[in-house]
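Consider the two complexes below, in which chain A is the common component and chain B and chain C are the respective partners.
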Partner chain A sequence: MSTRKSLITSNLRVLTGLVLITWLILPLIPLAIWSFARGWFFPDLLPKTWSLNAWNYALSDTAGVLDSLWLTIGISLAATVLSILVGVPAGRALGMYKFKGKEIVELMILAPTIVPGIAVVLGIHSVFIFVGLNNTVPGVILVHLVPTLPYMVLVMSGIFANYDASFEAQARSLGASALKTFWYVTLPAIMPGIIVGGLFAFLVSWSQYILTLLIGGGRVVTLPLLLFNFATSGRNDITGAIGMIYILPGIIILLLTARHLSGRSGAVGGFGQI
Partner chain B sequence: MRHLLITTLMASTFAMSSHAAFADTADGDSLIGKPWEEITAAAKGGEVNWFLWGGSDSINQYVSEYIGGILKDKYDITLNRVGLSDTVEGVNIVLGEKEAGVTDKGSVDMIWINGENFRTMKQGGLAFCGYTETLPNNALVNWDNPAIANDFGVPVDGCEVPWSKAQFAFAYDTARTENPPRSIAELIEWVKANPGQFTYPAPPDFNGSVFVRHVFYHAAGGAENLLGPFDQAKYDEVSAKTWQILNDMEPYLWREGKTYPASIAALEQLYANSEVDLTFNYEPAGVGLNIENGTFPPTTQGYGLTDGTIGNTNYTIIPFNSPNKAAALVLQNVLLSGEAQAQKALPDVWGTQPAIEVDRTSDDVQAVFASIKKHPAVVDPKELAKNSLPELQASWISAIEKGWLDNVGK
Partner chain C sequence: MTHVSIKELTKVYPGASEPSLDRLSLEIPTGELTALLGPSGCGKTTTMKMIAGLLDPTSGDVTFDGRSILKDKPENRGVVMVFQNYLLFPYMSVADNIGFGLKMRKMDPAEIKRRVGEMLELVKLPDLGKRKPSALSGGQQQRVALARALIVQPNVLLLDEPLSNLDAHLRFEMRDLIRSLQQEMGITTIFVTHDQEEAVVLADRVALILDGCMKQYDNAEAFYKRPVDEATARFFGGQNFMSGTTRGTVFEASFGQLQLVEGLNQGSGVLTFRPENVLLNGDPSAPNTLEANIADKIYLGTQTRLKLRIGQENVDIITNPSDVEGLSPGDLIRVTLPPQTLWMLTS
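Up next, the complex of A and B:
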């Protein structure tokens, strides 16, 4: 009886996994085919003429995709690290403590996910011009924190809401320093949250368009800027080639962190009060 | 990861320091009327940031490789081509800088522009003006031609320099359609006889908007009644007829007119996928490029209308706060040169029409122009130009776009 039940659940799990993978992979197949096609017309199931033109262009100096790939990775990683540095203490405060005006702080942190970026970016632009951060990579990294921080703080406050601080007190009473306590007690407990929040932050930063364009002033050319040029002009072949390059880092990071993302880890333990 | 962070930091310090590494030529007025050698000397070793629509690999290659190569080799100027999805993004950067009080350290040195975006820049005081006489190749431009001296009805007044000419043209697939409609009157009948086979991008899309203006001209009985400043009475009369025609047409459009494509790219995709039989574009040479890059079936053929199609000129503009005005002037002069205009007219490079007077160029350049064989699918520009209609002033255009949204696209 019980073995039958577990057989059903494990079959279900495999099925769900297959559906999810199909869902994620299927839309990418036409994109991959397009990148090698020279014309692909209805009702042909596959392109009649194959070509490397799109890849030749995507990998050329004129397109600048490869330079842009490294720059985009650097910007997204920096935005992720800064998000973690700000998001962990903020999440701890929101998840573990009650204080006056907490609701307002929570609302302010969530605001960037509600208010569209275009509404605030013109104001940010003039502030950044004033402090000399426009057209610079640090400026772009900073402005990416606006959309990435809400995700990081949300995930971390959920983690800290289910976190028992008395473990830290025990470690301290056994003679561990504050640093050691953080390193051996706090960090392992919140690691799944840092990974999930960091992944969110990376992907959100990775896909920014209008913030990068305006604050970067066209000097900081990230991959979405190049990709959208061709996506909006209907060039499916070049969009396919740049798109393939564009999704690579996301997939690699997803694979590296996959074991922390399973349902059994603490990171999906609910989002606490927020 | 640490390595990448260091790389990012280095890249950012470089981005900041490179700003100050060469001579600043933000003071445009001091350049006006100077001997050309002094301007090229001031531009030497500098850079120029050109913001332009980046959705065509052919145009990108012409700009980065051909024009960028000339600038580097002959003038020691680095051309930084910044691709835009929509020209208004570049205008907004300049606008934001003006509002923030940036008068001499702007990030945009040049924009490929015309129409409404030019009006925004000229009226907003965002353009550097009055310098065109300083360019040696300005002699090749016929400023007496009203189609050059006015950009969508707005006088250019030395605030921009022409780059190319374009004229609206239709295209159809000879393998699918035998007799495409050859005038707006024929089109109106044809749409009713061929339900679901036609649609147009919803204005304010650039190309959808110019299609609606063709219907507007047809309703007005010709463009000549509409020239000059905006006339409310005239507009009310003609627009009522226009909305009537377009609303009568709507049930016979693609998907019964319940929805319109959002962009010209979407219409071109519908055409390429055989969902609709006709497509059109303000740049008639695009048909040739789209056949060569595989977007359109090779049996596509471009054509004009017997009652004429609207033509325009596109330009390059230098923002008032560009810090590299000398380099931008050199770039504009190169773009105007007979050699660069001839290269741009080659069908496998771009195939677009020159904005200069070909008979004012050198014999060698004239020989190149004479030898150009247009792409067989592109409508002959000389034939097309015989029936060229003028553009309306920008105030008319925005009224028609708004009227379409309120009366047809609602």
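Up next, the complex of A and C:
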């Protein structure tokens, strides 16, 4: 009985692995091949001639890919830090306290994940023109908070729903100031949530296209915008090279934080535990 | 060395109609170990949190050596509270937990290490400094929590149900440890408990709080010998209450007269006596010796409880099982209520 069960489990594991590879890795292979190809036409299985031209171009100063990479990293990091600064207190309020209208606040915070960004951004656009944030990097960072905050707040409210605030009382009683209590007691306890929520926030900001395009007004050229330009102009080789650069941070961050994503840390509980 | 004085301390939680704590006043002399005793929800933990600064009182005052501390931040009061579930910081080693308070006081790390070592010796856990709290047993966690509190040499130590999470055999060990450390360091200590036994074995003095009001504040013995009212007596296991009238040293009960000692409350009132103080089959000529009918007999292992009828009154007594062997419900026995064990409730 048990051997049969374990056989099924191991088969399921193999199947899961296959599905994951098919979905995540396989689509990337043509992209990688394209980046090293000098023309690749039907019905060839592989390109006839190989070249580093696309990579040379992508990494050259004229393409602006590297500038765009640093800009994108900067914008995403800033959006992540701001998401943490807003998301931690908001998550604490939603996770630990009961108050009037809490359901409405939850709904409002989740709304950007349901309502298309473009519907929201048109209104924000006119406000940003008014306050002079249009076509600026700070404007783009701020508008990225619309889609990043829901993930951050969701993760942090899950963390705080399982958090015992008496540890803070204990620390105060032992002589820690409010600030030290946060640093030594609260922060270590909520760190898994900050890491997971921050990862979500970074990746969501990293992949923004419409919001960046509208608020940045074409002056703030992040990697997705650059990528889109090349993809629509039919340069598959350069698109492939930039695409490879584009997915790199995501993979690095994912590998660095993988152990926090396992679900054992309680950081991925969401509103379910409130 | 701190004399703690609690004056008319009251807490009404927002939205509550009844106060959780109603005008509690207590004087706790320097170096004494005082128990706040009461059933759960009686306001005792609320009191502790207000002393520790973790909760603001609605009205009233708390003073240390005559100075009000209510405006002081929790970290500046010199009060350390040890919670019932110990609350050891899970991310820190045992040594870091114990040294936490000193680190917050910016003490030199080498000095912290030395004092933590001393403290670990004191609570008899010399080799566990490097462990994480999760690797400790409940009793060990309790010791670490105590060490973490004592190392900062607080003026006032607050303990929340210090023995209630421990096994029976650990309780006495911990009781002795708490008492000896407290006496040695002379720290004014207040602890709360719902268990009268815990209060009696640990405390110099006990304050009984029922329904948010203090009933009696006295040494442990007084709660057995001289309870103020029926609720107090019942909380300490009192079972026997008789209505009647006292004139001088004579109590007029429904079944006849009982001899009292001098100085008890006069007039009509309630007489009480402890179930364990009633004597069986004693000298027939001793005062207050009566005939009683056994209504029920309950064997409890180390003792036997007899439910008796004396006239129209129900009387519960606790005896040694060998003294009542062979007796069964319906039998008549002779009981003596020694005058010095009878007490008139004062309110």
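Please note the rule applied: the second predicted complex is superposed on the first by the 235 of 274 C-alpha atoms of A that agree within 3 Å, B and C clash if a C-alpha of one lies under 4 Å from a C-alpha of the other, contacts with A are read in each partner's own complex, and residues count from 1 in each chain.
The rule is simple: a contact is a pair of C-beta atoms (placed from the backbone, for glycine too) under 8 Å apart; a residue touches a chain by one contact, two chains touch by 3 or more.
The model shown is predicted, which means the values in this text are computed figures rather than measured ones.
Engineer: Would chain B and chain C fit next to each other on chain A once aligned, or clash?
Structural biologist: With chain A aligned, chain B clears chain C, so fit.
Engineer: By the touch definition at the top of the document, which applies to A:188: first (chain B), second (chain C), both, or neither?
Structural biologist: Once the two structures are laid over each other on A, A:188 reaches chain C alone.
Engineer: Could you tell me if A:65 is touching chain B, chain C, both of them or neither one (first, second, both, neither)?
Structural biologist: In the superposed model, A:65 contacts neither chain B nor chain C.
Engineer: Looking at the overlay, what does A:73 touch: chain B (first), chain C (second), both, or neither?
Structural biologist: A:73 sits against chain B, while chain C stays out of touch.
Engineer: Using C-alpha centres in the superposed arrangement, which angle lies between chain B and chain C as seen from chain A, in steps of 10 degrees?
Structural biologist: Nearest-10 rounding gives 160 degrees.
Engineer: So in the superposed three-chain picture, is A:57 touching just chain B, just chain C, both, or none of them (first/second/both/neither)?
Structural biologist: first
Engineer: When the two structures are laid over each other on chain A, which of chain B and chain C touches more residues of chain A?
Structural biologist: Between chain B and chain C, the winner on chain A residue contacts is B.
Engineer: Would you check which partner chain A:152 touches, where first means chain B only, second means chain C only, and both and neither mean what they say?
Structural biologist: neither
Engineer: Return first, second, both or neither, reflecting whether A:180 touches chain B, chain C, both chains, or no partner chain.
Structural biologist: After superposition on chain A, A:180 lies in contact with chain C alone.
Engineer: For the overlay built on chain A, what is the smallest gap between any CA atom of chain B and any CA atom of chain C, in Å?
Structural biologist: Here the least C-alpha separation of chain B and chain C stands at 26 Å.
Engineer: Taking the stated contact definition, name every residue in chain A that is touched by chain B in one complex and by chain C in the other, in rising order.
Structural biologist: The overlap between the chain B and chain C interfaces on chain A is empty, containing no residue.
Engineer: Going by the contact rule set out above, which residues of chain A touch chain C in the complex?
Structural biologist: For this pair, the touching residues of chain A are 164, 166-167, 169-177, 180, 184-185, 188-189.
Engineer: Contact residues on chain C for chain A in the complex?
Structural biologist: Those residues of chain C that touch chain A are 49, 52-54, 73-75, 79-81, 83, 85, 87, 89-91, 100-101, 104-105, 148-149, 152.
Engineer: Within their complex, state which residues of chain A touch chain B.
Structural biologist: Residues of chain A touching chain B: 37-42, 49, 51, 53, 57, 61-63, 70-71, 73-75, 77-78, 81, 122, 125-126, 129-130, 134-138, 141, 213-214, 217-221, 225-226, 228-230, 232-238.
Engineer: If you look only at chain B, which of its residues touch chain A in the complex?
Structural biologist: Interface residues on chain B, with respect to chain A: 1, 4-5, 7-8, 11-12, 15-16, 19, 49, 51, 53-57, 60-61, 64-65, 80, 82-86, 89-90, 92-93, 96-97, 99-102, 107-108, 263, 265-266, 268-269, 272-275, 293-298.
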